[in-house]
Amino acid sequence: MLSLQTRVYDDEALTYDGAQLAPHFLYRRFELMGDALVAFAGPADVALDHMVDLEDVKKKAPIASDRMLHFLGEWFIDSLDQGILLQHLFVGGIYECLLERGIRALRRRGNDIYFDDRKVSVSIATKSPVSVLMHSAVNIENTGAPIPVAGLAEMGVEPWSFAREVLERFQRDCAVWRNARVKVLPR
Amino acid sequence: MLSLQTRVYDDEALTYDGAQLAPHFLYRRFELMGDALVAFAGPADVALDHMVDLEDVKKKAPIASDRMLHFLGEWFIDSLDQGILLQHLFVGGIYECLLERGIRALRRRGNDIYFDDRKVSVSIATKSPVSVLMHSAVNIENTGAPIPVAGLAEMGVEPWSFAREVLERFQRDCAVWRNARVKVLPR
Amino acid sequence: MLSLQTRVYDDEALTYDGAQLAPHFLYRRFELMGDALVAFAGPADVALDHMVDLEDVKKKAPIASDRMLHFLGEWFIDSLDQGILLQHLFVGGIYECLLERGIRALRRRGNDIYFDDRKVSVSIATKSPVSVLMHSAVNIENTGAPIPVAGLAEMGVEPWSFAREVLERFQRDCAVWRNARVKVLPR
Amino acid sequence: MLSLQTRVYDDEALTYDGAQLAPHFLYRRFELMGDALVAFAGPADVALDHMVDLEDVKKKAPIASDRMLHFLGEWFIDSLDQGILLQHLFVGGIYECLLERGIRALRRRGNDIYFDDRKVSVSIATKSPVSVLMHSAVNIENTGAPIPVAGLAEMGVEPWSFAREVLERFQRDCAVWRNARVKVLPR
Amino acid sequence: MLSLQTRVYDDEALTYDGAQLAPHFLYRRFELMGDALVAFAGPADVALDHMVDLEDVKKKAPIASDRMLHFLGEWFIDSLDQGILLQHLFVGGIYECLLERGIRALRRRGNDIYFDDRKVSVSIATKSPVSVLMHSAVNIENTGAPIPVAGLAEMGVEPWSFAREVLERFQRDCAVWRNARVKVLPR
Amino acid sequence: MLSLQTRVYDDEALTYDGAQLAPHFLYRRFELMGDALVAFAGPADVALDHMVDLEDVKKKAPIASDRMLHFLGEWFIDSLDQGILLQHLFVGGIYECLLERGIRALRRRGNDIYFDDRKVSVSIATKSPVSVLMHSAVNIENTGAPIPVAGLAEMGVEPWSFAREVLERFQRDCAVWRNARVKVLPR
């Protein structure tokens, strides 16, 4: 649980097609070395052969959306178990940020967030030989998906201030977890 | 991340004085062997020499409350880092359950939940030689504490249905995390 | 050490050619998600470029047999060391099941079982990025191998009841190991 | 999985009362530094407050026997899970050594070995802050126990040659496991 | 490998008697929370029952010196193996700092540094339930020890500038190790 | 931290082009099975697509030298963190061996050694699915590199006796680390 760099890239659209879920992508593309978590926006268009969720692959359920707020993270840790817990803490933070705005009709099932019974988010964590990788994204628009989805726009949520709030919350929570590790007496 | 047993003991009051945060307490007291998480209610009265949060020990800030809903958990894992993430996922679940009821004026800072700027919860995770232990508790009444606190009663939340909802949510999430581990393709 | 699913597929012959020793094969082929161990029967025909035992590769010793009882397992754990111990516990269980039937002239050297000085079994455990994989097999017939081998048939052992006994023993032992982990006091 | 030192102390009787299951006992008593496994013989007399099996403690089932062949081991590893697997591999080896002598009416349930439905062995593995500790013992005589037990004497097994065979087998298997770790290609 | 805090306490003498090698000592005494490494000076006087090197305990070789430069560190990691490597990297840094000053007749054997065949340093790393602890010290004066020792004074080395150089070197190396972890492609 | 095999191959020139940094290369080429560290001499000529240091890849800084003393190691451990510490201990040993010969104008920055402000060494550690791999090399001649370098020849250091000294020192230190692990009392 090293300190985490966060960045918001709000000045250009980037398509997420699954190839970005690769070790050192954040370094190659954004010069970020080490544990990092970034936000950007753009279409999602993940073909089956780039998908890593084997259930979705088996169901032939590709991921597509006209415009999503993407969060892409890499932690240089060995444990996928720990990476999955970090992923769910991150998704929990997204859900909290929506709930705190007083939006009703929200529901979370595992790492899937629903608004008005339509899916708002996708999320996956996987392992590379040197790191754990995470992609989590929430729809901005509710178009372009193979199933009925909901987006931030219809909830009245401005994407970039939302992105900043989510990243700040997670970074602050990371500091709390680190601190919790070093201040506790054993039993 | 073994499967987790949960229990609600709503038929008797139990005081939490810190001695319960011990390996195999859940087995000795409740015959629960293995990873388990239980809820019970009663006063909190933790003297400084039973406290494990070193910051609180240094600040001489004991924990006391006339009536709390206590959650006590033990995971037989080696990693305190992972245990702390589980703790924060659990506290996040408590916070979500309150937010979903439409209660306003709630705030979370790390693993502390506030209502109307008064503290609602305490939480700690620590390590024993064979396990990770967690105590998380929310005030039912807002009396008996050394600082201004808020409780479930004034929020209109019935403790036992709340306890069941929190435990069920966490157990369901645990199953999601296990599943996430085994269904993902590496990169 | 999660709970383990076991299955016996006695209704069709399947050739083992080494390609089956792959992450998520049990999910793709048999819909088994998570830690699992299955038995099936069929020829073994592993060419050198599908072999993972580097000593055998160097000695150019391919694996072939006209009919074997195959056991194929996957554990979603990170430690190959632990996976190798599970493999040897499994092979030990096979050996015990044979010894308990009163068969004489049996011998075990590491994970190789011999009957009448002819080889009965092959076994390997290796690592994928997300799991540990194991293949263990015992000859049913003693034909089709590049070296003198012995098989269950000449020992008078019916393959499917044997497969079920081996898997049940291992599953029961897994439960014992899990229980041993959670019931012991530290020193 | 470091290389393991083994020793047989057949020249004096030593009582096992549970205090021997302590880190560095083998160094303090026998000058053995590092991973080691020794055999000695003598009474077993473990009072409840020296027992580490919490189930036995709860059942108030102390361990006693007039004369046992004791095996005491220490591995300087961090993982109790791995230590428990090593324990069961060791007990499996004891069972094999008995079966291979053609003794009938033997049965193994987890790490308990029975002869003629009477218990032959006890075994436990636990964790110290720096190591995993194991005690496994088989009765030599069948007297002095609180339950009906069987011993090596009535099976016609000479204890010291048996002890040497068990230790040699385990040491040889350890070498096989180490070798298996370093010779396998990943998938 | 979190970022490491370092401090030099050059304004008061502190006796090292072994009790300082305890989890959270740096927090209790110096308000340093988290991974930290500090330097101070004072006598060393470690009685046998405070010693953690079992070889020294067995040889009844207590540690004493009239004035040493002490380095005391705590890393909140689980692996004693890794802690011992950090210890030896630290002692290697001390040795380099001496060699780079052109001092001849220096020798290192493991973590013992000798000048003119007299011992200059002591060092130990051990494990607490939550951390790895290290004490390394070099004599300033060469008096007060039970064996012939050498000290910084007779080598013409000013202790505090030396302490700062050693700590800066180690902190810089820690950053290099962290960086090495995150910039390397797997094979 | 298993025991380490070392070898010096001083009878033939071998070019290091990066392909040697592969799991089991030492077994395939030199029949060394298990943890091993070897020395050989020859040109270095690593094209960008064989480099694993991502910073160098990004800077397009290939590695080349007319003649280097190469050290190639493989440890069958899971932790890259631990592998990087072993790498730096090894490079520290090289630096010590140079300093102890009384060579002045030497400097170390992380794992880079400089003589007279010219680079003497390269070093990298990376992870394979089954092991940690290390390549460290020091120039013998100072020709053939894309930047100004220094070599053992101009320092008056005979390569093979130097190689033997470096390997012996590291092997002896490995034994010290192993011993440190097993002789220390916990706190």
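A, B, C, D, E and F are the chain letters, set down in written order, and residue numbers restart from 1 in every chain.
Quick note on the criterion: contacts are C-beta pairs under 8 Å (C-beta built on N, C-alpha and C of every residue); 3 or more make two chains touch, one makes a residue touch a chain.
Since the model is a prediction, treat every value here as computed from it, not as a measurement.
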Q: In contact with subunit C and with subunit E at once: which chains are those? Just list them.
A: A, B, D, F
Q: Mind checking the rotation angle between the two copies, subunit C and subunit F? C-alpha superposition, nearest 5 degrees is fine.
A: 120
Q: Over half of the contact pairs shared by residue number: find the pair among A-E, C-F or B-C that meets that against A-C.
A: C-F
Q: Between subunit B and subunit C, two touching copies, which fits better, same or different residues at the interface, with half of the numbers shared as the threshold?
A: same
Q. Which chain has its C-alpha centroid at the greatest distance from the C-alpha centroid of subunit C?
A. E
Q. For subunit E and subunit F, what's the span in angstrom between their mean Cα positions?
A. 26
Q | Geometric centre distance via CA averages, subunit F-subunit D, whole Å | A | 43
Q: Compute the distance, rounded to whole Å, between the mean C-alpha positions of subunit A and subunit F.
A: 40
Q | Overlap residues in subunit F, where contacts from two or more other chains coincide | A | 1, 23-24, 27, 33, 54-55, 78-80, 127-130, 181, 183-186
Q: Sort out which chains touch which and give me every pair.
A: A-B, A-C, A-E, A-F, B-C, B-D, B-E, C-D, C-F, D-E, D-F, E-F
(Q) Quick check: in the complex, which residue numbers of subunit A touch subunit F? (A) 24, 27-28, 33, 78, 129-130
Q) In the complex formed with subunit A, which residues of subunit E make contact? A) 1-3, 23-24, 27, 33-35, 76, 128-130, 178-179, 181-186
Q) Which bits of subunit C are touching subunit F when the two form their complex? A) 54-55, 58, 78-80, 127-129
Q.
Quick check on the complex: what are the subunit C residues that touch subunit D?
A. 1, 21-23, 51-55, 57, 79-82, 84-89, 92-93, 95-96, 99-100, 102, 104, 106, 108-111, 124-128, 133, 172-173, 176-177, 180-181, 183-187
